[in-house]
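Before anything else, here is the set of structures, which you'll find just below.
The two complexes that follow have chain A in common; it is paired with chain B in the first and with chain C in the second.
== the complex of A and B ==
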């Protein structure tokens, strides 16, 4: 038997099979490599043209190796051995770099829009839900707080934002439609248009909430507080619709501009910090922290004014990056004995870059002849001299479009996912509806992006008569586009929450919403965030729908608000790729492409880090 | 006694306000879900509304059978065949690259690669799907086309007097580089979905194959791949539908000259500039910001055609993959 099997093994047939297997494996590896090689080629070519790494001298590489690469690698090695330090490092890096990026983005968007308007909206939109929350803290039956806050926020948004910009075009469209259909029957159309619209908007925005509240108060015969609330809502909504821009904004504009930045960025940051510290260490520490933060902000303003610089940027950086960093570092130094050293991580990187740049200038070392320069990021476009060309308006436009898109698509997408996973029944006509919705979402994910552009075009330009290419239409169109992606990834995240947690919560007597809010969602947040960030990364690079809804491909001014003409980095790449001058073709455009790719890769990396951290 | 129990029970009931609140939240969330249907409805309504007015000007038969597409000229003509053929050229070109490569990568990742290699390679491949398409287009135009054009034109005599291999040089805007870029872009769609399907094949099937003395090659090709056929096919269909709807790569790299395909030398079609359905839409949109002309409406007619094609393909893919889900 043994000899027989040996002969079987050595027969030519077996050798043939072995060779065949090896060849097959080689083909498979080659197929896998095709994709990887394509990736390397794509990045390599563009990186090479954008940064020109060959033009730098050897000294430059040595300099940055010694100031940046060596210390960072040493620190990373240290952190690998010490898990506590690694965690602290990750938190500090998130605070420093996240804070830096977010504050810069917030600053340039606010600068483009003028910060007074956002401040007005921030105050009006947040004061109502906040007052509800505060009232709820001092009453016994606080279960109304949740819906009341949601309602208050929605109402405030409709009043401030909607009455001015959303309802007017909508009403125009409706009345235009009515006139077309009824042959111009003069109902409200006979009233001079601005007055008629304004009256109607005010009537709707003031009347509906007041009547609703009055109705519920009368039916329940509640106390005097309820009746007072009716008048409060009446007054607030009247103030809201009478044109906040006209009433409050002039008052605010007396203030210096840095205080508007401080209001928009500083108020929420300080509030969150105060809440966090009060919860952890008590009221006293919270008040101390607030005093320290406000004092620090004022000190920044004083120093900047003393050297006669505009304090706005520094105020934003202080509140957006300085305060979170101080909180994370302070917490680690005080309470995290093992990981204390880890918080130095981001400062090693930042210090390395700064020292390197300083030495580079001091020793006049030849750096690389890079196209990724401050000019590229801060200038507006120049079609004649490549060294002067920049994409600042497009960058601001992209940030505005993507952030407003996220604000619109995220709540709806997550809400739909929660409904499909937690509420939707499997049987009956509702079950069939659920099936339909799920099939529909799968199909929507496969609809080409150009078609979404057509939807945006028909909806905003034809139906609502918006001007072509507004930031708002662009954001909403891309919002429709990423909605299925957000829903599907949020569903995956919700599915991953084990049922035992839900059952435990129900067993404790929690209602369905309570279970979702305090058990399911906290577990699912990392997964939801991962999917959303990936969807944002996709939206940043979308070009075709923006062209269809006529967002201008060439702009020289930054978009001034939601309802001004938009701009986006991929559109800039699109229009510049038609320029055949070599310094554009293989210089500026490559640099812009690298900027966009780095942005996308960073978002992907953040998403992967979040996923890996929480998926253990 | 019973009365006492009743009061105890009623105290366990939630108050009316909380019940209402619960219901309100449920309805709000359901509204979010229903909004997705409204989006589809909006797409269909907006597309068909404008397309219908377009078909009032141009008969659907002329649209679907016409061989000349020139909506912006003085004597406009709206025949969609050149656009469909352009789309087909790009789709076929990208399929030639992406389908075998994607499947190969999927088999490698699922059957041969160690879990560590898979953990690194799979996300790297997926980056390919996330790169903005306008960058692919730029890459194809500026880097790929010169690279492909460098050894061209080739005029090589293979058999003297009998057969001369002629490969003409390619034009600046050409279908070849665009299809390669589209193909690279859809590789991860094929590889990821196919890999999921291959990994879903139960190990018992593989073990049965090995138990019968099969080699790894036999198990992969004769057991695992056939068992995952429906998943692979559905990944193919999805990837092709993505290629059909791809816009920016083709706009930037393949130019804008609608052409009827040339036969029998099919390869020649790839060396020249073409125009796909998506490019035609972008062209009209960037030229026509004035409003309701016939050209403007024709954009929606193409959009409707495109939507119908991709919707059908996605639906087929969904059906196939549902079939395959029931298998195990």
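== the complex of A and C ==
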């Protein structure tokens, strides 16, 4: 007995093993601490340089804590005990702050590009698929609606964006030929070429859908109202598509500019809201909501005009932030008995900020000597006076570049990933080819960004003779850069969908496409979005490729569209860091870095919100 | 059964009339119609062999599955039971390494013929898997999935009938629109059966449907399978010999190497097997 109990005591070999284990644990803790401390130091320095918190007076801190920190902490504590309120709080915060940031981003981009162009594109690009959807409601065989909507959208995109490049030169050539050959015919000769091509495109755009519709109506009797609605929408779409620069634009440009903003932001928001409410509470509630939203928008315009302000920004904020907030808050108050208090969360924060700012001015308290000021956000660059320096064109440029980049890279990347995971063969020489392609894509994810810059330079400037530093070239170059990351992460997400689900779907007699669309993709969306978050985060901070393709570091005007000279916040930081005056290198650079981080975090937050919705 | 037969319309020769005349070498030494019935065979295999790359999984299998019966397929692990089952609805097509030789006829049509669409075939041959695999959708959408992918109209009645037939309706009728993943394992498996029978298939394949379930859930599934034979032909793979003895009309015994050793009425297999190896396997000497 004595020998047995001795072996259980801490001594000899066991003690050594225990010490070794403890030492290993201590090393791991040290590694974690080193990483944390390095990050805290980095962000701490940046934060101090950007906001200058030491220069604020004690009173300011008192004010700060009493108006903002204390109420927000109290509310957070309350929400921790009530999970329903926490959910409602998260939803309301997403609506308020997401809506605010997105509205502001949309507003400044639209202002840079002039909202009339996007409004025309919105009408033309969306009306064709919408008309197909409406048509699908009135036919029995509606299986074609999905593909037809995609096709119509692609057609409309090609038609509107590509018409200048693809269609009109062709039509001009045809009309020119017609004029040469039939110059004597007075009717044709007197038609100016733009009007002629407009007429021809209109004939195609109205004629083809009308013929298709007439064909199906003749075969099956449908209700007269339905047919009329389809004709109206088709006619509108055709007019929009055809008369891109002949018909709609001059009419629209007569309208006040706020109505263009209201159209671009308000139409989709109102449409989504109407769909949501109609689905939940029926047609009557949906119509009421639309009437309320439109009335609210007009009221905002009336009030803004009455106090002689430009209503544009307020209209954008109303539709982009006010309507989603009202929807979330309304839904919580009506149906969420336990969590309805939670929707107050964002308003506690907003109210705290407003009251704090008001009291700060009223009591003339000395605040921190911050570099993150309205001047920085709204001015253009000033290289001589640091307090006058602003990064507005760069912020607009960054938002434009990153959104167009995401629009280009996301469908291509996810599409490639779906092909490689779900369709590409695994065995034989084709399988080896697939493996080779996958290996290369994985390697491309690690290629230095400078190399992608050279690719963009070679492709856009040397080969296609584009002007240097266009928004389009920058977006496409960064798109190439993140494409492998998007593909690899989407592939991982698709791989994580269990095969048993695919088998279940095939076993039910689903085709491969049905399996992918209704089983695999919904399961993979959260994973795909997680990968995309990482890719977007990498792209927004990229500097080297933009330098290579000669995006200007200093601009004084915002980019006017896809094919005008771009600008980007990381380039702004890069060039500001070379300024001779120390306040640029310390304060302005740090403040710009904060702006960049906020841009990145906003995008991540949007992606996380979408991801969480899909995971429910 | 007045099930419309898509495969025969696809242009292959109709050999249903001859099928009962062809006796396999396994069934020839016992009289098939001991119970005085004259069953029609739904699925017939002739010299069916399956290889995964170089490895042989099924060796020259000749087997007839009869209408409205439960046919159990038993055998030790790796004997090709599941492979055989997956040949019947061409799920092995999803395994690129698999090559199939010989003939497999479903109601007279060689399903590995050129004109046969595996998707159309799977619409007539439903399948239930070893582990419950409901889609991460609502219960209603799970049952409606087959109808939707087959472009058929989904009505609440069809969903209700399928759930009732799968003996699940009473338990889930108040939560049709909650996630199917919230159900227990046994309920999930019955949902998978409801999902499979909602599209009214001809044959139902079951790959060890109760192996991941507890005894109570298992007995519910077994009762259900017996009820289903009034309308469906059921082929069930199981490693549980008692289960095969309880629920099946006929039993096929596969042994290692993918060889079909014996196929006969279940009572014969369990009481008086012809092959010594089957007796050894059934009495638990190996496997």
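Going forward, the second predicted complex is superposed on the first by the 483 of 616 C-alpha atoms of A that agree within 3 Å, B and C clash if a C-alpha of one lies under 4 Å from a C-alpha of the other, contacts with A are read in each partner's own complex, and residues count from 1 in each chain.
As a convention for this text, a contact is a pair of C-beta atoms (placed from the backbone, for glycine too) under 8 Å apart; a residue touches a chain by one contact, two chains touch by 3 or more.
In this text, all values refer to a predicted model and were calculated from it rather than measured experimentally.
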item: First, second, both or neither for A:42, with chain B first and chain C second; value: first
item: Chain B versus chain C as contact partner of A:19, first or second or both or neither; value: neither
item: First (chain B), second (chain C), both or neither touched by A:511; value: both
item: Which of chain B and chain C A:573 touches, first, second, both or neither; value: first
item: More chain A residues in contact [chain B versus chain C]; value: B
item: Partner chain(s) touched by A:544 [first = chain B, second = chain C, both, neither]; value: first
item: Which superposed partner A:501 touches (first chain B, second chain C, both, neither); value: second
item: Touched partner set for A:522, first chain B, second chain C, both or neither; value: second
item: Chain B and chain C footprints on chain A, overlapping residues; value: 143, 511
item: Footprint of chain C on chain A - complex, ascending; value: 143, 425-428, 431, 498, 500-511, 514, 518-519, 522-523
item: Chain A-facing residues of chain C, complex; value: 89, 91, 94, 96-97, 119-120, 122-123, 126-127, 129, 131, 133-136, 145-146, 148-151, 192, 195-196, 199
item: Footprint of chain B on chain A - complex, ascending; value: 17-18, 20-21, 24-25, 27-32, 34-36, 38-39, 41-42, 45-46, 143-144, 146-147, 411-413, 415-416, 418-420, 422-424, 434, 436-437, 439-444, 446-455, 457-459, 462, 468, 480, 483-484, 487, 511-513, 534, 537-538, 540-544, 547-548, 550, 553, 570, 573-574, 577, 585-586, 589-590, 593, 596-597, 600-601, 604, 608
item: In the complex with chain A, residue positions of chain B that touch it; value: 14, 17-18, 21-22, 24-26, 28-37, 39-40, 42-43, 45-47, 49-50, 97, 100-105, 107-109, 112-113, 121, 123-125, 127-128, 130-139, 141-143, 184, 187-188, 191, 215-218, 220-221, 238, 241-242, 244-248, 251-252, 278, 281-282, 285-286, 289, 299-300, 303, 306-307, 310-311, 313-315, 317-318
